[in-house]
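Right after this note come the structures.
In what follows, chain A forms one complex with chain B and a second complex with chain C.
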Partner chain A sequence: MALSVGNIQNNRLAYLYTLPAIIVMGMVVIYPFFYNIVLSFSNMNLTHFNDWWITGVDNYVSVFKESTFWYFLFKTILWTVVNVFFHVTIGIFLAIILNKDIKGKSYFRTLLILPWAVPQYITALTWRGMFNSEYGAISLTLDRLFGFQIPWLTTEWGAFTACVITNVWLGFPFMMIVALGGLQSIPDELYEAAEIDGASWWHRLKNITIPLIKPVMIPAITLGIIWTFNNFNIVWLVSNGGEPADKTHILVSWIYKSGFRYFRMGYAAAFSMIIFVILLTFSWNFIKKTRATEAVY
Partner chain B sequence: MRKPRDLSIAGKISAYIVLILFTLFAIYPILRVITISLRPGDRLLSKSLAVIPPNATLETYIKLFTEEPFLQWLGNSLLISGVVMFVGVGLAATAGYAFSRYKFVGREAAMFGLITTQMFPLTMLLLPLFIMLIKLKLYDSYIGLIIAYSATALPFTTWQMKGYYDTIPFSLEEAAYIDGCTQFKTFWRIVLPLAAPALVITALFSFMAAWSEYLVAAVLIQDQSLFTLPLGLKTFQSAMETSWGLYSAGAIMVSLPVVILFLILSRWLISGLTLGSVKG
Partner chain C sequence: MFIVSCSQNRETTIMIWHSMRPLGTKILQQKLEQFSKRYSGWKFSQLFYEPETARTNYIISAMGGSGPALFWGASDNIGPFVELDVIKPLEHFFDATFLDSFIIEPIPANTWFQNHLFQIADRVGNHLCLVYNKSLIDSPPKTFFELRKIGKELTKDLDGDGKPDRYALAWNYTEPFFAVPFINGYGGKILNENNRPTLNTKATINAAQLIYDLANKDRIIPIECDYEISNALFLDGYAAMIINGPWSWGTYLENDIEIGITRIPLIDETGLWPSPMVSPLGYSVNVNLKGEKLKTALELLKYLTSMEVELEFTRAMGTIPSRKEAFQDSLITQNEIVQNSIYQMEVGILMPVVTELRWIWDAMRPSYQSVFTGRITPERAAKEMQELAEKLIKENRE
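Then we have the complex of A and B:
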């Protein structure tokens, strides 16, 4: 095993193999990343598109000064917490059921992962249609069953809830599948032994299931948090670009609007840098913390 | 004694109820799209909630292919996704091999850097990329879009290829060297054919990254004749009046192949995900 992984000393050939990937990553990721840092200190906007110059930290100051940043930061955190909470609880809950001996469970499993398979933009546009107040299936159903309407897309929190429902729909299968993989690796003997000792259902969940699927769930949850935090597609397409009145935004969709619709490029670049630093600090701490607890177990 | 995976009768009944409820939640939007796509033209704004609409017809599909530029979008998307697939496989297969087999300065940093890119908000790269492509006169062209898409799936596919190469015993390559094979020939003739399953996954992932992407295309493409499927389908909704029928029929045509592929692939994908995280 030690022989097979990364042991050939041949720098030149190794660089040759990685070169094509490095060139593409350089063009699409590395160069734009540094260019973005430069832009964030510049005054580039619609009137200064070609003749921009470095102005210092003005953009960062205006990001922190404007109330929109704090407002959308709050919304983004709420958005991420609510979504990931539902993804993980629904995912683990369904995985526990699918891990039992139930007839036809492979059919259920296949149907339950369908939302993951549908392209995201189609999910978003389809749910937007379903939330339509006049012809949308959700509004019609609510109206027929309970006789009332919810102004989904026309009010601030209605639109936010609509985005959350859409995103919960598309995100729970991933967590379910990861949890199922973790559950299948837990030996039955553990549960048998616990049952002999008289452990209740809750104790088995708390003391066997959760600790043993934790190593699989932690990386998945980290990824889930990053994906959700940055999930432009759902918020933008369900709310049709922030409707009503630029209220329905998370940080990334607000950046997009500032940069590409309001042409405040320098401002958008500074905003992006701040988000990146937030995410990096979060992931770093999260990984470090969970590593530390792993060592305790 | 009861086995841990067995359920009591009451447990079974409640398990089925929960599964059925969530399955309905999962498939309802999909059924809804199918329903709307099958409605006859004069019933598009119907308030009916029936799954199979009365007088179901395929006329919307026919209209989609004959009266709308759907075939053109399909062609554009197929071309772009196809090229991205080949480029993506080439990049991930070579880089993954270097990460798996060679020890070189910067290896750890490069592999960590690949993961870090997953944390970048897309908008952070999009703005500089957009300005850069305008300067290079590659705005509103397939080349810009293809380069951008080739990088999207690369971190994941490179890690995935590396993981697969790690499982191929090194003794095979040693034997080839002893027989006088060069290092490159060994990679090409011996390692790559053995890595075929991983290559297939990489190919499909690269393809899907381009096939289902909306935002980058929305920024880099403006010319209507260059529209990809996501841009095209969005036009059905952004017009003053939404064409739900055409949108639904288009959504089905676009999703069906990727959903089927995904279901076939999900088994490998899942084992890769859990394997990777257990190891990491």
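Then we have the complex of A and C:
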């Protein structure tokens, strides 16, 4: 509905009710967003923190010219795809099990939500300790069982894998809960009718379960992709700020380092605008293509 | 009403952000409680942050017009803080008698930068020493030749699985601050008089090679070790020696470890002592402070840098006080830990306060870590450190 003077006058009370939210959103989202756009065209850094000026598209050129952007973009995409894949598959798998009439269902449900309930900071640092190649629980277990240790945190791909494992552990409960909600809304009659028609487990999953949980899973997956793409905490804490040798970064952790460790504010702002455009384009197309907002029945 | 009340609380609250370890935090809290008895109507509190986080958070909050009244940390914060205009010059708030009561030898306690006083210290040092567990080692090694020899005896496979469980020595490999003594010990330095990085040198290469060999050839230090791991190994008796600073003595003493402090062993090839960076630690005042709050914060600063308070920290943690009178107290002159800490400090190098040092640390970190993992050679590490340092300085000085 177009925003016009007449519209505002007719719905004055409704707009009045939403005004506090609009003011807060304006202060914490809209103003910083536009300020960030301005900064992205500026030379703000540690030397010009108070006396910065607009320098044009230099920061954008720097971002695209540097190999770090392309390398961390590749790593971010890989990080996102691997994480979301495991979040969704493990989440749906566990949800299907929990949706059955099994003993101790509520106990298992609580247990499986626990990783989600523990603060990310605690989980990340606990996993970091467990990944130590000489003294960590994971390495000690691998050593006892198979006689080898993995230098998780001191190699580029070891550290990346450690971050992925931690984030998979943290992320599957959300998908499980969403999928469980979707599964519980599917009428039993559909499965009964399919069974009478002789449909196998696979056919029931493919033709009933997946299409009917799609409306809840697609927005959850979209959110999951955005959250994972921007999941600064896990990468930063597990790899201790990008170790080893600044190789374990995704785009957002690199932005943080550029902005708040090196104080290259203009550069970091340009970098973040590029990420914004990437995510906006992706979400727009993903929702459009999957027709996630349409009703199923 | 809530907002008004919060704002009033802020006006009468003096907050200190610091990076003191748990024992130091406990003493600081006790001192704040004692001081608050003199100032009814005022609230005094403290908040711990890791050094990097403290600096970043302080800069952001002070730039935004708020932040803590006092910031406690090492003097290398001063360069960026002054450039960003987030701390106040202090020389006009204190008389000459007060300022003259701080030591200038072996290092100047108070930090002047660009002809202004920006930090008043409550302790000096912040330097790395060799700490050893007296129950595991009678006499610490004086040279690296001795260290290698003793190290082989001290590194032990306690459970017979063919892998060492106890190491001779451990330290934090993730921070280049811990590599500086070795570079200096080979006759190098990380920046020159013009504040330009001097990392691509034979000294850096030799230092990197030495560290790599200790971990991978001699195997007397762990292959992977950050600050927490090295500290835990030493606390649990799985490392006979550790390279650490005065901030850690208190924790060791509190855990009933009989510690000895001495110099990091001499480099045999050069005949030089490894020289750690030495700096004062103290309080700076937030640029946004004014009126009564500024007055009260300055009074608190005076109290926290008084002889009585400084010696209390020394008693518990073995810190080196910054006041002349406290420095000559029998608690210092007769304290073995403090005297040995001063013995190491005598061969230290005063930490520059220029902002360039921040970029040099950042540039050293990735390559230094890569040497440990064997990803790059010491020669390449030295070259990459230098290139990155020059790049960061250029990018930030443009």
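In the analysis below, the second predicted complex is superposed on the first by the 268 of 297 C-alpha atoms of A that agree within 3 Å, B and C clash if a C-alpha of one lies under 4 Å from a C-alpha of the other, contacts with A are read in each partner's own complex, and residues count from 1 in each chain.
Just so it is clear, contacts are C-beta pairs under 8 Å (C-beta built on N, C-alpha and C of every residue); 3 or more make two chains touch, one makes a residue touch a chain.
Keep in mind the model is a prediction, meaning the values are calculated, not measured.
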Superposition on chain A - do chain B and chain C clash or fit: clash
Which partner does A:F260 reach: the first (chain B), the second (chain C), both, or neither? both
Applying the touch criterion given at the start, work out whether A:N43 contacts chain B, chain C, both or neither, answering first, second, both or neither. second
Name the contact category of A:L114: first (chain B only), second (chain C only), both, or neither. first
Is the number of chain A residues in contact higher for chain B or for chain C? B
Could you tell me if A:S67 is touching chain B, chain C, both of them or neither one (first, second, both, neither)? neither
Name the contact category of A:Y135: first (chain B only), second (chain C only), both, or neither. both
Taking the superposition on A as described, I'd like to know which of chain B and chain C A:E243 touches: first, second, both or neither. second
On the A-aligned overlay, A:P151 touches which partner chain: chain B = first, chain C = second, or both, or neither? second
Of the listed segments of chain C (4-12, 40-48 or 184-192), which one clashes with chain B in the superposed model? 40-48
Would you please give the residues of chain A that touch chain B in one complex and also touch chain C in the other complex? 129, 135, 260
Per the touch rule, the chain C residues reaching chain A in their complex are 52, 56, 59-60, 63, 80, 83-85, 163, 174, 222-224, 226, 228-229, 232, 355, 359, 362, 365-367, 369-370, 372-373, 375, 392, 395-398
Complex contacts: residues of chain A adjacent to chain C: 43, 45-47, 49-50, 129, 132-135, 151, 153-156, 240, 243-247, 260-264, 267
Show which residues of chain A lie in contact with chain B when the two form their complex. 3-11, 13-15, 17-18, 20-22, 24-25, 27-29, 31-33, 35-36, 39, 90, 93-94, 97-102, 105, 108, 110-123, 125-130, 135, 137, 140-141, 144, 169, 173, 177-178, 180-182, 185, 188, 191-192, 195, 215-216, 218-220, 223, 226, 230, 232-233, 236-237, 251-252, 255-256, 259-260, 265, 268-269, 272-273, 275-276, 279-280, 283
The answer for chain B against chain A in the complex is residues 1-7, 11-12, 15-16, 18-19, 22-23, 25-30, 32-33, 36, 45-47, 49, 87, 90-92, 94-95, 97-105, 107, 110, 114, 116-132, 147-148, 150-151, 154, 158, 166, 168-170, 183-184, 211-212, 214-215, 219, 230, 233-234, 237, 242, 244, 247-248, 251, 254-255, 258-259, 262-263, 266, 270-271, 273-274, 276-278, 280
